[in-house]
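One chain, chain A, links the two complexes that follow: it is found with chain B in the first and with chain C in the second.
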Partner chain A sequence: MTWNPRPYLALARATARSAVVFRLQFALSLFSVLFQLVAMLAVWHALLSHKPLTGFTWPKMEVYLLVTFTAGAVVSNFSDFRISYKIRNGQVALDLVKPLDYQRARLAETVGGLGGELLSVLLVWAVGLAFGVRLDLPALRYLALFAVSLVLLVLLKFTLTYLTGLLCFWTKNYLGIYWARLAIVSLLSGALVPLSLLPHWLGETAQWLPFAGMTSTPGLLLIGNATGGQAYRLVAVQLVWAVLLWSAARLAWRGAMRQVTIQGG
Partner chain B sequence: MRRIPVNHPANPVSVRGRETTTDKGSSSMALIEAEDLTKSFRQADKDPGLAGSLRHLVRRRYQEKLAVDHISLRVGAGEAVAYVGPNGAGKSTTVKLLSGILVPTSGQVRIDGLVPHENRMAVAQRIGVLFGQRTQLWWDLTVADSLSTLRDVYGVDPAVHRRRLARFDEVLGLGEILPVVGRKLSLGQRVRADLAAALLHAPPVVYLDEPTIGLDVGVKDRVRAFLRSLADEGTTVMLTSHDLQDIEDVCHRLVIIDGGRIIFDGSMAALKDEFAKERLLRLETVEPLDPQALRPLLPLTEVRQGEHPREVLIRFDRFKVTAAQVVAATGTLAEITDFRVDEPQIEDVIRRVYTGELLLGSGAARG
Partner chain C sequence: MSPLRITRIYLRMLGTHLRGSLEYEWDFWLMVFAAVLTQLVSVVFLRVVFTLIPDLDGWTFWPIVIMFGLISFGEGIGSLFFEGMWRLAYRINQGELDYMLVRPYPLALQVTSAEIGLNGLGNITSGGAMIVLGLCRAPIHWSPGLVLVAPLLFVSAMTIKVSISVTTNAASFWIQGPNPLFAMAVHQGGELTRYPLTLFPIALRSVFCLVVPFAFVGFFPAEFVTGGHALWIGLATPAVAAYCVLVARFAFRRGVLRYESTGS
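Presenting the complex of A and B:
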């Protein structure tokens, strides 16, 4: 069957329109990420204002934290719960009687939700830059890599969220998985502390894990801390993980279908 | 329990072909084919209380529960089938097996020649599903937006879409609810919109679970007439409903399921023949008539006094005695002025099956 994008575009549009209706909940879910940004800015300002740590001066850290915020805002909690909610409440039965690939359809909805998320991201960047965040743009090829890396970030976040959502088929409970994932991702993605400041063995290992692509990689690319071969390698790691997780999610889906009992049906 | 073989004209049991042609015009091909379809669920077998739950954590025991037990079913194009049974009989599990949501434990199922759980997307294009309890509308979009999203999902041509909306407006009064946001719909409005959503892509096979729940009487009638016309135009309709009027108005064929097994499959008339043999004849005579005097003349019947001395009630098995015989016998004793035959309503028969009053298996054995 050749792939026809029209149904998926329609789904993305429907989600984008829904997000407009959900303004308040949407704003609240972003608010938590924004709050984190302010807290992190305060902490790192206190740490870095006197002497810079290896590779991180205060101006660089400001930009890194804005990327962290961006990474947290795209595929937000809002999208997260939408994906798992469908699985948890049996709504999946209705999705299954549509002529749609389940995984692509959920990705389409996530992409549809991106519009609103990116809008708030731009707003925060504008405010940040207006209030003196200094952005020294890296060379054009790193800027291009940064853009690619952001796209891969969305794909990575989506597949990981989707995979954990699928676990609901087995666990019938989402919150536990959600918290576990949140803890692991914030530590190993470099959202809490840049990976280079973690204990050496942990930071080195984390570079090769899928989580680095969810904050650290685009962050390092934008502040110019990843250059040359390392820059390409980091994005390649992102790409490989995106492909692997996407395929893993497909397998998990097949397993879930065998498992499926459709709760409450 | 024994299934009653009934030759329904649109259910050619003799056709055993495996054609995969999608020619909707050929009525010989069954759109829904299920053979020995079985689904069992694994249910956690826990002892009651906290201790039981803890024990379950350590040593898991499960119990196989048969939700659908060797069901065989063939439904042709344009057939309207009522699929009824008490709660938990396996109705919605069957529908989920037929639509590819569930993978059968064993047995075969084909929709329009395709195996649903192997060709889920292709089958989804051919079926429309209404789960009365759930909505497929977007909660935050207007009905019009929801329907146009579905239009793109199913790849319906915009001009065709407009034509169908116009028809839904006629039958379901859809026009007035198009601008309403999903979450603000009343139950009746929601069911109407969901009905439109399920039929928007003109699927050749439609499963409807409680399609008239929450609707006003007037709208109910229109929905039933609409479903009937869909079937007449060649759509295969499979309907589960607790509203027995839905069943009588829309369906000619009835499948009753209980405990995961089909206990009856046949036409409405056949059900009446098989399980409602009794007729009640009310006779009014010019002079009062003593039932005692009539009894020897009609030994196979049950004769009672009616509401007044000039009325007698005669209950009889219409395969053993005809109404004409009853009337003739009574006529020898008194002049008859009026008579009326009470036929059992299909509603009563099904209701008695539901409540367990009528055991179809034993009923069939006796007959």
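Presenting the complex of A and C:
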């Protein structure tokens, strides 16, 4: 079967438009990430102005935290809740009758939301750079790796969100799942503390988990803390997990289809 | 109606929602688990920070744990006993207040008791644990005076937290729309006050002291009790609490006057 991208593009456009229409809600979905950024800047500033840590000076940390914000802002709540909401209120029935691949269709919608998210990200970066954040760009090949790892980050975040969203076929309580996921990701992705500063065993383990690709990897690449073979290895780990999670989501979807209850009528 | 009767009816209304929620036992455990996990992660974060450095801008580990605990506990009280306020915007939008207006019970209490957030249990447990641990471990000079004042500060802090949520949700009477966007934004901003106020730039500090007094929920009471910096401003907490209750009451009453139901 040849794959026709047009309906998926239409879905992406529709989400992009809805982000414009519901711009207040959209902006608000980024608020918690923004406040988190402010809190982390304050805490790390107080810490690093006292004592520079190995690998992390204040200028590097600022950039790392901006990457953390970026990672938090893409695939925001706006896309996140949309996936589970349709399952919970039964709108999934309408998606099921469309002759589209369900997972790809949701990815298309998420990509559609990216435009607005990236715009907010650029805005925050611009403000940061204007107020004295110093960005020393790494060598070109690491910059290229950084770009690749950002793309993989979106894919990883989407598949994890999608997988947790699918859990709503079993429980109707998405909020609980969402909070639990948020807590786990914020710790194991290096969004709260760079993984190298975690207790050794935890940091080492987290490097090999899919969460590292959701903040730590792009962060380390941009501040030049991951170089040489390590840089390639981190991105490879990201890639492997993206493929694995994508396939796992396909399996989960099959299970969900045996489970499906359409709410309402 | 006597205050006792008002309280009894309030608890009964919450009780019906509790029974409803317990129908879904797994959901209950999931919510509690998620709340505890969230708090746990933030404590791990703090722990890591303090393995790197002995004090953060003059603050040691345990006083900050008390601040975290106060904020979490306040959040727990809010979701367990007053969760209904987060639905106020939707009710106004849908004209659902009509039913409540004709019932012989204070409207604000009907609104706040119209839902129960069981994640509150997780937040109360973990917040309580943090407060108790913090009080045990932080170097506190317990005097009879402090023993008397500390519970008062605690109750005031919780009152402030809930009052801020009620006030910001009452703003939905003016801001149209089915979601309490404004209240949610303020609530998320309040998360910043888990950390010592002195870490933030002066503009933010004044916002948290004067505009939305979140600083009196965690920072000032913890500061006063642990006494490290002898900030007597902590003693103002009860006065701030009284002020916040009055503002919430005023906002809600003025808001209800604007309520115009819907056509349907």
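Remarks
Keep in mind that, in the parts below, the second predicted complex is superposed on the first by the 264 of 265 C-alpha atoms of A that agree within 3 Å, B and C clash if a C-alpha of one lies under 4 Å from a C-alpha of the other, contacts with A are read in each partner's own complex, and residues count from 1 in each chain.
Please note the rule applied: a residue touches a chain if its C-beta (ideal position, glycine included) is under 8 Å from a C-beta of that chain, and two chains touch if they have at least 3 such contacts.
In this text the structure is predicted, and so the values were computed from the model without any measurement.
Shared-chain residue A:L11: touches chain B; no touch with chain C. By the touch criterion stated above, A:G176 is placed in contact with chain C alone, chain B being left untouched.
Contact with neither chain B nor chain C is seen for A:L251 once the two complexes are overlaid on the shared chain.
Residue contacts after overlaying the shared chain place A:V243 against neither chain B nor chain C. Residue contacts after overlaying the shared chain place A:L122 against neither chain B nor chain C. Contacts of A:A144 after superposition on the shared chain: neither chain B nor chain C is touched. Counting contacts by the rule stated earlier, no residue of chain A appears in both its interface with chain B and its interface with chain C. Residues 24, 26-27, 30-31, 33-35, 37-38, 40-41, 44-45, 48-49, 52-53, 56-57, 119, 177, 179, 181, 184-185, 188-189, 191-192, 194-195, 199-200, 204 of chain C touch chain A in their complex.
By the touch criterion given at the top, residues 1, 4, 6-7, 9-11, 13-14, 17-18, 21-22, 90-91, 93-94, 96-101, 257-258, 260-262, 265 of chain A touch chain B in their complex. Those residues of chain B lying in contact with chain A across their complex are 41, 92-93, 96, 99-103, 117, 120-122, 124-125, 127, 129, 131, 134-136, 138-141, 145-146, 148-149, 151-155, 181. Chain contact summary for the complex, chain A toward chain C: residues 24-25, 28, 31-32, 35-36, 38-39, 42-43, 45-47, 50-51, 53, 171-173, 175-180, 182-184, 186-187, 192-193, 197-199.
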